[in-house]
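Letters A, B, C and D name the chains as they come in the text, with residue numbers starting at 1 for each one.
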Amino acid sequence: MKEGEIMKVGLLGATGYSGAVLYSLLKQHPNVTHLNLYGHNTGTSKKVFLETAIPAYLNEHLELQEFDPVAIMNSNDVLFCATPAGVTSKIARPFIEENFPVIDLSGDFRFKDPAVYSKWYHKPAAPAEQLQKACYGLTDFQTPTTHYIANPGCYATASLLGLAPLVIEKMIIPDTIIIDAKSGVSGAGKKPNTSNNYSFINENAWLYKMNQHQHIPEIVQQLQAWNKNISAIEFTTTLIPITRGIMATIYVKAAPNITLTKIKQAFNKYYQHDKFIRLLPEETPSIKEVTGSNYCNIGLSYNEVTNTIVIVSVIDNLMKGAAGQALQNFNQLFNFPEEAGLPLLPLFP
Amino acid sequence: MKEGEIMKVGLLGATGYSGAVLYSLLKQHPNVTHLNLYGHNTGTSKKVFLETAIPAYLNEHLELQEFDPVAIMNSNDVLFCATPAGVTSKIARPFIEENFPVIDLSGDFRFKDPAVYSKWYHKPAAPAEQLQKACYGLTDFQTPTTHYIANPGCYATASLLGLAPLVIEKMIIPDTIIIDAKSGVSGAGKKPNTSNNYSFINENAWLYKMNQHQHIPEIVQQLQAWNKNISAIEFTTTLIPITRGIMATIYVKAAPNITLTKIKQAFNKYYQHDKFIRLLPEETPSIKEVTGSNYCNIGLSYNEVTNTIVIVSVIDNLMKGAAGQALQNFNQLFNFPEEAGLPLLPLFP
Amino acid sequence: MKEGEIMKVGLLGATGYSGAVLYSLLKQHPNVTHLNLYGHNTGTSKKVFLETAIPAYLNEHLELQEFDPVAIMNSNDVLFCATPAGVTSKIARPFIEENFPVIDLSGDFRFKDPAVYSKWYHKPAAPAEQLQKACYGLTDFQTPTTHYIANPGCYATASLLGLAPLVIEKMIIPDTIIIDAKSGVSGAGKKPNTSNNYSFINENAWLYKMNQHQHIPEIVQQLQAWNKNISAIEFTTTLIPITRGIMATIYVKAAPNITLTKIKQAFNKYYQHDKFIRLLPEETPSIKEVTGSNYCNIGLSYNEVTNTIVIVSVIDNLMKGAAGQALQNFNQLFNFPEEAGLPLLPLFP
Amino acid sequence: MKEGEIMKVGLLGATGYSGAVLYSLLKQHPNVTHLNLYGHNTGTSKKVFLETAIPAYLNEHLELQEFDPVAIMNSNDVLFCATPAGVTSKIARPFIEENFPVIDLSGDFRFKDPAVYSKWYHKPAAPAEQLQKACYGLTDFQTPTTHYIANPGCYATASLLGLAPLVIEKMIIPDTIIIDAKSGVSGAGKKPNTSNNYSFINENAWLYKMNQHQHIPEIVQQLQAWNKNISAIEFTTTLIPITRGIMATIYVKAAPNITLTKIKQAFNKYYQHDKFIRLLPEETPSIKEVTGSNYCNIGLSYNEVTNTIVIVSVIDNLMKGAAGQALQNFNQLFNFPEEAGLPLLPLFP
């Protein structure tokens, strides 16, 4: 598409965290002129307005329309799905059949193998033939090859961007990858529960889902696509008392003859012209340096004594880890400028 | 100015909190094409780059230029000063003499009476004749009358916007105003000290500067401009463990024959078409509903039993309380659209 | 009772916040040798152990016993009830009939008038004749007059201790009391909901229940007991992002001829020998100075210009505002040393 | 010593975080009847009182006495030093010569080799012959062998307690240890600086001192004492927005034929009768479960696919990681009950 061209955009699930952020980005995108919201809990007769569901969006007096695939395709040029796991696997068929552009922020279409999805998500997967029609949308490494884009998970994005140069260039010993990821509370969604209760998580840090997190197979699938020798990773997730943000601290053993200079060259090769990845000159990244932005900041170090490379990769889980990357996928799919609709700087302080 | 017209903008003090936020707004303002940064600590030979002072702004490789009034006026169409108290009182003269547009975020030019400034700021004031050339820039009530705009203080903005309709319409008993203001930690600036130390203020709330806050005379001066019968206010400030945001909870006694309906009518009269003030349908505002935005949200209640009106006014202290309002003043001064450069929605969650 | 004497103590509701804190205090009380826990949701067959309900209490392998009044009275010398509103009104009868000592942390027995309770708690009240058998346990002003002690509410404790000297000594204009109270999140209990969700309340402040908080009539009832001329107060509650703590900022108009010296004398008169009330030499109290302790810290100022006295009273809502004061009531009732079982210093930092 | 016996205790550095916590513990220790405070900045004529330095300790009207070794030894039975690095190396000599009991919370006497200290602390070390007179006080594994006890560092305590059973029992591949430690802000002391500034660290996580933390050689020295094959560790420290607490997430490769059952047996062997180490039945520890207590909680998992053991060890850095363990050392040195003076339960919530 050319600049100046206008788009009608549908958004399913605007009342969740990712959906709400996506709404705010789409609202300031220069090419998006129509924005239609849809609910995925059909059958309820109660009208829902965006401003009611999200008081911070007071005066955004848009009603959530009922979910109807045909109507959605007639009224829009593209559909974003910011839905919980298990929704799009049930509703994607008509869009896929019509080859209608969909950007899906959920995990439902990230795997090629339905069995992997079922095992890790504990839900029925979409049919294999539908999964084949979807492409994985890690924007810094892939441009869309189909019209159904599976937007990557937040942990997966931070981890994969941190590992990509070394994995693709075969600079590490394959099965030595350990990812110690720290995440803000918004990553687990909006619904009140024991672990997002303020009195629980404030002044706390909680390691959860040890070796059971559903982003593990997503990371492994992509690492294998880059390097067949990788078969498994060690992956822990620790909830820390912040609202937004992920830090993935990645430990890997260097392949023989690797130096810090070579490591930095590899990262420069892939990222020096990348608009949304910033390599730190010093080795100490912090989450807040990316909060509110679509940046992924990466810091590097190499300890010769232990032959360990440490890569620290930070993102805002709701931006580069969800809505921001979804907008990048939208911009790529329709040939808009890469940063259209995206804030140019993090929120500081 | 017309849309499409371009501006060269100078910014003094970009490395402080307000200045940094202002920089991020100016960067996305459609009419600002040149942005020059200046330091106010002249005489140091060390080069300072924005990205070094603010790591979150990595890749903003702008150097802070030395402060030189003539050079500044030659290179720019306007100068923003995001400086601590006591700076612009010393450096404003050449700009005022040349009638060069200045938007000053500090308190130095907010008072007509130099003695008031000296008393509350414990610093020498600018000369009275210079103070006369400045106008107070509470954007929702004033458009610039001179080229030197004194941008209001954060507490003052929240308090004045909450009180204006009732004070102007003479609906309250004059000297019954009590303002219990709560503020985030960024309000006191970037320099580390005992009270912004994390281990002090986290899990804490601290009432400070009881009846001694320098925003008291600023609020009183403007209230008196609206209603001569007001002579004093009771004003407390409590630091709470958040980075951004102010809540001003205002208690006033209603004049005779006032009802909640009349109160709401007064607020509607002044604010229903105001782009950046949102009246809450329910009476329970929260700070986070405005964080990252230029909004002031206002909630109202009237207790007939105690004849007390409670107005709750919330802003982001660095946006509507500093950089956001400064940009509004810029837009007003140069006839740009009111919301140019300003984000349309708060950061959520 | 004499020192060295031992007590068997029952505790109903140990798994809530107040109950858990009470458990930790009782455990280190030198005279408490037996501690029996009871659940108030009878009829469930599932065994509940304290350590399961509260992982921080790992190894406290006590089972919650089924609620049975006769068994409880047979096995214990006293019963603490740390139950939500609406529980003890239903179960208190046998204990009251037997004149068995009960310390009730809920609001159910704080009022003399059942209609007041029903109106503000939206629940059926205990019968008036039972309410007559209960005494209000504001420990710094009352020693138990019956065996059923209604332990005061957290907001009520902070507010009443801040107001008592001036109200009793008639040093204020009666109906000018405004209380702006700030509270931590634990005050609303342990059950996850929208307002204790981390992503909601972190970086936020939220004014809730404007003029509708159930502690209003409790405060007014006690103020009237001290001074019949008081008929109403203005009272707001703002939730701030801390786990524990309350700050009550109280504004009152001084009666004629009052000076700061007289105000301080009044506070000294009542509190200088009070072990758990600390008068601040300077006027700026902070919540964290009492966290984890049973202290109430009070700061004072008087503004002659506005004739306003500001009293700032801070407590730990779960200690002096709940479990700590309950233990003080226990110590008073059984003649143990006032500070038995209570920590001597706040948690710092 | 026997129960009932009384002690006179000196405390150097009571105004810092560790010292203040130690003061609060000593104050409630049943055998400590006299508590003398000393300052280590001699030569200043200004009197310092504890309550002035720490407002939370209002009414603790103790004056800090001037530092004088002879006077200290005459007036006390033991001296605690809660001093910054570089103090005790200069002042320890007279105490060591007199064989006077000292418990030193700083790092100055933790190494046998002065060169190691100088290299990692960037300060001159105490003389080697003095270092020989000190013993390392990891209380769960060592009882004092000399009268000068070097109390372990906070990160070292969490890491060593998590590793000890597997290292001593030779159940891991020696040089595969990776420790990803998360720490609260109080760990870096009380002095305001850029990294403990609220607006910096709130809503943030910051990886600092990559491979440069001074606790690395302390951990390695003790691991080598247990198992000579260990020569190096990989160790990162991430500051998270909490005041107190450390989580050490430890990744190690299992030696051949290791199973989760064997791992658990090893931990049970060393810790099942340890009063202050709690093994979690489930594998998800959280920091807050130990806050305010002297506990170290440990969770375990073993991933057969990656042959990785993950040990998660959490402590309160100011208790088990500083003052609490120092009191344990005191109790061991003088044969008091292990838990004398220590709180029995964490602060909850």
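In the analysis below, a contact is a pair of C-beta atoms (placed from the backbone, for glycine too) under 8 Å apart; a residue touches a chain by one contact, two chains touch by 3 or more.
Computed from a predicted model, the values in this text were never measured in an experiment.
Common neighbours of subunit A and subunit C under the contact definition above: B, D.
Set side by side, the interfaces B-C and A-B show unequal numbers of C-beta pairs in contact, with more at B-C.
The chain with its Cα centroid farthest from the Cα centroid of subunit C is A. Subunit A and subunit B, compared by their mean Cα positions, are separated by 36 Å. The distance from the centre of subunit B to the centre of subunit C, with each centre set as the mean of the Cα atoms, comes to 40 Å. Across the assembly, subunit D contributes residues 17, 186, 190, 199, 202-203, 241-244, 286, 288, 291, 349 that each touch 2 or more other chains.
Remark: subunit B residues 17, 20-21, 23-24, 27-28, 54-60, 186, 190, 203, 243-244, 278, 280, 286, 288-290, 292, 297, 318, 343-349 touch subunit A in the complex.
Residues 175, 178, 180, 182, 184, 199-200, 203-208, 210-211, 232-234, 236, 238, 240-245, 247, 249, 251, 283-288, 291, 299, 301, 303, 305-306, 308, 310, 312, 314, 349 of subunit D are the ones that touch subunit A when the two sit in their complex. Against subunit D, the residues of subunit B that register as touching in their complex are 17, 185-186, 190, 192-194, 196-199, 201-203, 241-243.
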